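In the two complexes below, chain A is the common chain; its partner is chain B in one and chain C in the other.
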Partner chain A sequence: MSAGDLGAGALRAALFLALWGTGAAVYAAWRRDARALSSARVSAAVAFALVVVAALSMMFALATHDFSILYVAENNARETPLLYSLAGLWAALEGSILLWTAILAGATAFVAIRGTAVLPRLGTTALAVLFAMLSFFLLLVTTPAADPFVRLALAPDNGNGPNPLLQNHPLMALHPPLLYLGYVLAAVPFAYAIASLILGEGGDRWLVATRHFALVSWALLGVGIVAGAWWSYAVLGWGGYWAWDPVENAAIMPWLTATAYLHSVMVEEKRRLLRTWNISLVVATFALTILGTFLTRSGVVNSVHSFTQSAIGPLLLGYLTAILVLSVGLLLWRSPQLRDAGPVGAPLSREAIFLFQNVVFMAATLTVLLGTLYPLVAEAISGAQLSIGGPYFDRVEIPLALALLFLMGIGPQLPWHGASRATLERQFTAPAVAAAVGAVAALLTGTTAVAAVLTYALAAFVVATVVQEFARGARARRALHGETGMTAFANLFRRNGRRYGGYVVHLGIVLVALAVATSQARTVDAERTLAPGETLAVAGYEVRLEGVRSVVEPQRDSVVADLVISGNGASDRLHPALVAYPNSPAAVGAPGIGAGLRDDLYTILAAYDQRSLSWATIRIRVIPLVSWLWLGGLVIGLGAVIAALPAPRRRPARMPVIEAPAPAD
Partner chain B sequence: MARIARIAVVVAMLGLVLTLALAFRRDPHDIRTGTVGKPAPAFSLARLDGSGQLSLAQYAGKTVVVNFFASWCLPCEQENPALVRVYERYRGSDVVLIGIDYQESADGGLAYVRRMGISWPTVADDDGRVALGYGVFGPPETFFIGPDGVIAGRHIGPIDEPTLVRAIEAIRTAATQ
Partner chain C sequence: MSSRIAILAAFLAVAVAIAIAARPHDPTAGERVDRITAELRCPVCQGLSVKDSGSETARQMRDLVAQRVAEGRSDSEILAEFRTSYGDWILLSPPLSSWSLLIWLVPVAALAAGLWIARSRIRGGAVLAPPPSPSELASLRERVAAEEAAEG
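So, the complex of A and B:
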């Protein structure tokens, strides 16, 4: 049996099990039937195993260049290196839907085994919802809409090879799976929220049950977005990392609503407020992941990322519509039961700032959505076409981002219920001074753009609040538990990871903000045609062209410029290239990047002497602080890990001691 | 108040789904446009190679193919071989090809033009104003202007040789009748 037969068979069996599991879970939740539940659990586990088998068979077919499968023939060639062969699983439509299905099957199995044990009725209802969604995706991969195992009657000798842009950088192996994980795991909080609405539970149990899923999904989405920006920076060769492309927008929108949710959920936990709102955010996050998939996979918008049109568009739209109708219908039906415990109250309280922050996040999401969909709306109404470019998004989103940065500094400093004047003075004196210092420092270093100066000031403000929080927390632990400085610091993370991990995330966001503001405001460009031995000076760097050579590899031909970098304490060799793949009519640029904490030297081979390789046109961008962006992504991921780690269980006290109170939360 | 909010939510949802459904009617490559059938907006732009200005008026009475491109646009690289072949085919005839570099500095555009072997006239529309006048959706985009100065057709996205030739020949046939 070939890998193709195995994969196709496994998917069909999994579809059968998912449909069966849907029925079994519905019956189990309805009649509280233990046998139906155990049948659903087994179905979920086996379906997951089968989808994994299918995904592995596809990877095996790609790695062994089995061109009898259409997908392999289109996205792989004999010369494709192993890493890119394996990454071929998510290089095109059918494979990515298969990966998506595998992750969803994993989440379904997890809920079936763990979730239904913790909260039987709610978990079982959520399982039914997840099974229904899994059935839909399995239906896609077993019908012509997105069948990855379509066979060719006559296998070609060699395949077409992956898209050149997708075999140019190892990050390609990382960025899509991270994003997909983030997208798909958002389905779990959604399933629980829907289950809670179906059962008419007014409480917050769904929210507690899915806290970790929401956090992990949010973190993976965030890290995936940063990895995507990095990939774009390292591969596309234009020296940028974000272009407000529809696919980028599709990824940032659920991240924005998920971030809003992570904060407003605390208001519900602490004060029993914003219940309808939180369910709405979870629904919006999940619906936006599907909208994003629809936009990028249906061919209705023009984007670097869009795949060719296929029958999957109308199916995804039907799915999105079903999700919207189901969730909005349930929300409208159940909203009278979702009573809040009172009004939000004082404007200078943490809950009020969270609410305000949520409003700003919504504004950001809706404006991105509007910008992405406006061309479609305008055409539907007036028939005219227009494009919404970067300028619209920059103008709208930068002020919103600055407002969020500001609120990020204020929120954690305010107590719940409201703050007294004395509290305000105690909490904000040092951060306000820091903000002023940040602004002055920005002006002194020659930054004049208003947005950039504000960013520096607000970044200093936020960092000061975080440092203040850590210092006070550690001091309290030293005083109460007699711990030494480092132990007290480490215990802040161990005992209250959610809070202090959150602060670490805030620091990561500050790094990202500084990177974006500085790289946008202060990049220096230069371009010159050089003969070997000639140099080009830019921003304190000396770039000497040593020579131009051509390199022949099995899967591609390249022309490489060898550059020697000196100045600014640097001593480096960079090799920007133009790479030609047999399946692409034009060469793809591969930039040579000298990365540093202070700035990146980004070099591009723009043109060269095709006859005798006697000259090359080199384009250079000196981009300050851009590596802080990737660093920020890493810090955000680290903060999320700290926040997600379970707090250690308290040891049972051997003798009656008076437990010292934990630091105020 | 709550009632209005409910109605608003339902209407917004229907609007979203309807918009997305209507979007299927469009083919992202061949879209009707507000500017087809209307006089081509006049422009006078600096040539990328620095050899002065080029204005559309210079080519009155000819069939003009205006191609919006940019060096940062990957589909532009994709369609370039087709443009090169069509340019060679009609070289010296009454068919003119003009490249307009979309929202980009002249340096970037010039390097691209050299790298891609583009020898037809290219000009810089660095602030995108001319593109706005033509209702450009995003590069690459190609407009076909008849000898009467009226936009006869438009293609969005990378174009291929048969499409180019068909559009050009359609204009020439219409002009001789």
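So, the complex of A and C:
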């Protein structure tokens, strides 16, 4: 039996089990039937194992270049290195949907085994929802819509090889799986929210049960987005990391709504408010992950990532519509039970800031959605062609992002229910002074764009509030538990990781904001045609062309420019190249990047003498602080890990109530 | 009192810094070329601007913009010239005309509507309720302990 037969058979068996499991879980939830539940649990575990077998057989087929499978013939070649062969699983539509299905099957199995044990009725109903979704995806991969194991009657001697852009950088092995994990794990909170609506539970059990899933999904999406930005920076060869490309927009939209949710969820936990809103955010996040897949995988939007056109478009659109109709219908049906008990607190309370923050996030999401869809709609209706790109999104999103930075500094400093004037003055003196220092520092370092100066001021503001929070927390631990210094500090993370991990995430966001503002405002470009030995000076750097050479590898031919960098204390060699793959008519650029904490030197081989390699046109961008963006992504991931780690159990402590908040009603 | 003065002074300093950053200055020819080419779509790329693209077409367009700037044309004249030859499609930020106005209005309207709804959900008036009675204080203590435990 070949890998292709094994994979195709496993997927068909998994589809049967998923359909069976859907029925069993529905029956188990409805009649509280233990035998049906255990049948559903076994089905989920076996279905997961089968989909993993299918995904592994596809990876095996790719690694062994089994060109009798159409997908392998189209996305692999004998010369493809092993890493890119394995990453071929997510290099095109069918494989991506298979990976998606495998992750969803894993989440379903987890809920079947853990979830139904913790909260039997709610967990079982959520399991039924997950099984139904899994059945849909298994249907996709077992029908021509996205069958990855379609066979060729006559296997070709060699395959096409992966898209050149997808075999040019090892980050390709990391960024898509991270994003997909983030996308798919958003299905779990959604399933629980739907289950809670179906059962008519008024409480927030669904939300507590899926807190970790929501956090982990959000963190993986965020880190996946930063990894994607890094990939496009290192591969696409224009010196940017974000182009408001539809596929980037598709990834950022669910991240924005998920971020809003992670904050507004605290209002529900503390104050039992915003119930309908929180469910809506979970539905929106999940629907946006499906919309993103539809946009990028159906070929609707012209983008580097829409490799194929396929029948999957209408199916995904139908699935999305069904999800929205079901969710909105359930929400309307159950809205009497979800009504909030009272108003949100005073305008200057933490819950009010969360509310404002949510409004800004919604406006930001809507802008991305509109800007992505509008050209399609306009063309469909009037035939008019128009572009919505960076300048539009920058104009709308930068003010919104600055507002969010501001709220990020304010929110954690305000108590629940409302703050007194004295509290406000005490909390904001140091941060305000820090903001002034940040603004002046921006001017002194030569940053003159208004948005960048504001970003520096707000970044300093946020950092000061975070430092203040940590200092206060450590002081409180010293007073209450007699801990000192590092112990108090470490215990803040251990005992209240959610809060202090959250602050670490805020610091990561500050790093990202500084990186974006500075690189946007202060990038310096230069371009010149050089003969070997000649130099080009830019922003204090000297770039000398040593020579141009051609390099032949089994899977590709390259022309490489050897550059020697000096100045600004740097001494480095960079090798920008133009790389030709046999399956692509145009050579793709491979930039030479000299990364540094202060700035990156981004060099591009724009053109060269094709006859005798006696000259090369070199384009250079000096991009300040761009590496802080990747650091920021790392810090965000670290903060999320701290927030997700379980705290040790402890006795409830007797806390002196210092500033008494108003009673809830 | 002194902290209020510190906060006010800090605000003032930020405002002055922004005013300094925003003061009008005559852009150099290079700055103008960057500003204009950032608005133009590179016709042969995937959604990149002429400023960012390294393609041959983008390079020619950059040269043309530089030439027009040197001839003394204004920014809007140069953009209009490209709009005439390529259509609205060449502009990465749609012009404020007819239907495209919508994409500028919707974000602003959404923000305004959202803030209005949020405002209606927020309790106005008094900032703090009177201090709690001893029995309320005891129940609050319990709640703090419970929430602390739940938070952990």
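Simple rule for what comes next: the second predicted complex is superposed on the first by the 647 of 665 C-alpha atoms of A that agree within 3 Å, B and C clash if a C-alpha of one lies under 4 Å from a C-alpha of the other, contacts with A are read in each partner's own complex, and residues count from 1 in each chain.
Please note the rule applied: a residue touches a chain if its C-beta (ideal position, glycine included) is under 8 Å from a C-beta of that chain, and two chains touch if they have at least 3 such contacts.
Bear in mind that the values here come from a model prediction, so they are computed numbers and not experimental data.
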So, after the overlay on chain A, do chain B and chain C clash or fit? They clash
On the A-aligned overlay, A:Leu332 touches which partner chain: chain B = first, chain C = second, or both, or neither? first
Between chain B and chain C, whom does A:Ala63 touch in the aligned arrangement: first, second, both, or neither? neither
Which of chain B and chain C A:Pro314 touches, first, second, both or neither: first
Touching A:Gly389 in the superposition: chain B (first), chain C (second), both, neither? both
Which partner chains sit in contact with A:Trp238 here, chain B, chain C, both or neither? Use first/second/both/neither. both
I'd like to know which partner A:Ala570 touches here: chain B for first, chain C for second, both or neither. neither
For the overlaid complexes, name the partner, chain B or chain C, with more touching residues on chain A. C
Applying the touch criterion given at the start, work out whether A:Ala580 contacts chain B, chain C, both or neither, answering first, second, both or neither. neither
Is A:Ile113 contacted by the first partner chain B, the second partner chain C, both or neither? neither
Based on the superposed arrangement, let me know which partner A:Thr448 touches: chain B (first), chain C (second), both, or neither? second
Of the listed chain C stretches (5-13, 23-31 or 59-67), the one clashing with chain B is 59-67
For chain A, which residues lie in the overlap of the chain B contacts and the chain C contacts? 238, 302, 304, 382, 384-387, 389, 525, 527, 606-607, 619
Where on chain C does chain A make contact in their complex? 3-4, 6-7, 9-11, 13-14, 17-18, 20-22, 34, 38-39, 41, 46-49, 52-54, 56, 59, 87-94, 99-100, 102-104, 106-107, 110-111, 114-115, 117-118, 121-129, 131-132, 136-137, 140-141, 144-152
Once bound in the complex, which stretches of chain A touch chain C? 237-240, 243-245, 269-270, 302-304, 342-348, 352, 355-356, 358-360, 362-363, 366-367, 370-371, 374, 378, 382, 384-392, 395-396, 400, 418-421, 425-426, 428-429, 432-433, 435-436, 439-440, 442-443, 447-450, 452-454, 457, 495-496, 498-499, 525, 527, 589, 604, 606-607, 619, 647-650, 652-655, 657, 660-663
Quick one: which bits of chain A touch chain B in the complex? Just the residue numbers, please. 165, 236, 238, 291, 294, 298-302, 304, 313-314, 317, 320-321, 324-325, 328, 332, 373, 375-377, 379-380, 382-387, 389, 525, 527, 578, 584-587, 606-607, 617, 619
In the complex of these two chains, what residues of chain B are touching chain A? 6, 9-10, 13, 16-24, 26, 28, 31-34, 72, 74, 77-78, 80-81, 103, 107-108, 111-112, 114-116, 128, 135-138, 156-157
